[in-house]
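By written order: A, B, C and D. Residues from 1 in each chain.
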Amino acid sequence: MSTKSGEFEGFNQRIADAMVASSEQGGGLPQYLGIHLREMTPGRLVATMDVRPELITPMGAVHGGVMAGFVDHCLGCVLYPLMKPGQWAATTEFKLNYLRAVRAGTLTAESTVLSMGRRSAVVRVDVRNDGTLACVAQGTLLVSDPPGAK
Amino acid sequence: MSTKSGEFEGFNQRIADAMVASSEQGGGLPQYLGIHLREMTPGRLVATMDVRPELITPMGAVHGGVMAGFVDHCLGCVLYPLMKPGQWAATTEFKLNYLRAVRAGTLTAESTVLSMGRRSAVVRVDVRNDGTLACVAQGTLLVSDPPGAK
Amino acid sequence: MSTKSGEFEGFNQRIADAMVASSEQGGGLPQYLGIHLREMTPGRLVATMDVRPELITPMGAVHGGVMAGFVDHCLGCVLYPLMKPGQWAATTEFKLNYLRAVRAGTLTAESTVLSMGRRSAVVRVDVRNDGTLACVAQGTLLVSDPPGAK
Amino acid sequence: MSTKSGEFEGFNQRIADAMVASSEQGGGLPQYLGIHLREMTPGRLVATMDVRPELITPMGAVHGGVMAGFVDHCLGCVLYPLMKPGQWAATTEFKLNYLRAVRAGTLTAESTVLSMGRRSAVVRVDVRNDGTLACVAQGTLLVSDPPGAK
């Protein structure tokens, strides 16, 4: 995806490495879903999660909310190595299209920053199920300073 | 919301009652989130979930994926009493806007069917946090026949 | 739609009246489409446009882009009486669902502000065709200061 | 974008060529906007439009509805060479993110089919302004048979 040259100059490899190393220990929804951050490069994140039986509906496919939760997490995580220490990113909106039912295997999300400003970013997420495109999403995130920052 | 008169004539009160009575026992993501279906009338569903600490991010707000999972579940559930026995509904796309950070209390979703055809439906979900609008969503669902149906 | 009490306190009736009085003379896409602003109250706008033959595709329905242009215009206009003089609103994203084909008659859009902050707003638009819901949309707008403002 | 091998086998080069050759003569919104179809290959369309002064708002940027109309048109056109003769495609929903204000020059849209079934398709559109990404969109289209078809 084309971005302006230098747009991701502030990429912090140390933060990226720390996020990948610890992604299974964060608790909450990401841990329930089993999301693993695999690879973080400037403006790009690859994450995976296994489709375990508990995440399947009685109709035999992954619950749409599972995919949505996975997507939302990947929308935000890709931004952390690009932000200043202490800043945080919150999704303000996103949209997803489910392309096919997912019944088993692994989901692999590729999260790509399409534009990054001082206060907001637009991110795209493509999710594949064992190599086949299963869901596409795009959303906006707000970048906030830590409380007390000037 | 205006709909064509008679659009929800096929509403099945028995299915609605059974869904409300059993909504806490379905397992999977809805049970992890703690979603309770409270009230189902033709073309409308009210559901709630409590914001427990595990669903909060380190930044102190409900994880966006939690809200997305809640919304996705409410998009689909409102359709079951309107479909023929054995049919099922799958979200094909949805979009949500987060209006404000949610830190505690209860989320209440109102899911409203905006249009209902033989094969697809458009549904809107408004989520309030202790009375204040916190998230709005709209999406499309595909209605499918059971395997083997003609 | 519930909003926080006082959220629209800054509503400027004079700006609203001027917009309604002059809406047919703005030129560009809105004039090509024939959009008329009919009524502006705090956080709410009603606008109409007639479905003239030129806006119909060879398949006999209003071009989706006509509806999208109408929606986009209504997303932004509702904010002007709520902003400070000189500020302007730009759509940063929106999503729409087409509920039924529109073949003739008048389109009436109701644009409602769901949340309004200092820098952004979320707005919903419902479009009816001769009384029947034909399109629903929701989007985000960025509020900007005039160049040179501090 | 990965798609299943053979997914676009039915691509009809003659229809594609005819659409490219005649795209400036269709009338209606596409002609008002000045949309030119430039290149159609299986599952992919490139189209352009010039940003003429009439399409700029008083704030100095392309009207959001102009971009939305351009996107909607490109969402649908990419499908025609993939459908059976007489079938038509109607957008049922789409969403777009505006990445930066467009003030002059040319808009170039790349429309890509992400999934194509017998009855519906999901399409992505990226719009660049003189080489820089300016808008991204994704949407769903319904494929319909001509009246009277069995």
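As a convention for this text, contacts are C-beta pairs under 8 Å (C-beta built on N, C-alpha and C of every residue); 3 or more make two chains touch, one makes a residue touch a chain.
Given the structure is predicted, the values throughout are model-derived calculations rather than measurements.
K.L.:
So using the touch definition from the top, which pair is joined by more C-beta contacts, B-D or A-B?
P.N.:
Result of the comparison of B-D and A-B: A-B.
K.L.:
With centres defined as the mean of C-alpha atoms, identify the chain lying farthest from subunit A.
P.N.:
The chain lying farthest from subunit A is C.
K.L.:
Taking each chain's centre as the mean of its CA atoms, how far is subunit B from subunit C in angstrom?
P.N.:
Computed from C-alpha means, the inter-chain centre distance equals 28 Å.
K.L.:
What whole-number Å value describes the gap between the mean CA coordinates of subunit A and subunit B?
P.N.:
Spacing between the chain centres: roughly 23 Å.
K.L.:
Measuring from the mean C-alpha position of subunit B to the mean C-alpha position of subunit D, what distance in angstrom results?
P.N.:
Each chain's C-alpha centroid was found; their separation is 32 Å.
K.L.:
Going by the contact rule already set, what residues in subunit D reach two or more other chains?
P.N.:
Only 92-93, 95, 97, 122, 140 qualify.
K.L.:
Under the stated contact criterion, what part of subunit C meets subunit A in this complex?
P.N.:
92-93, 95, 120, 122, 140
K.L.:
Name, in rising order, each residue of subunit B that touches subunit C in their complex.
P.N.:
Per the stated touch rule, the residues are 1-4, 95, 97, 99-100, 114-115, 122, 124, 128, 131-133, 136, 138-140.
K.L.:
Would you mind writing out the residues of subunit B in touch with subunit A in their complex?
P.N.:
Touch list, subunit B to subunit A: 26-30, 32-33, 54-59, 61, 63-66, 68-73, 75-76, 88, 90-98, 101.
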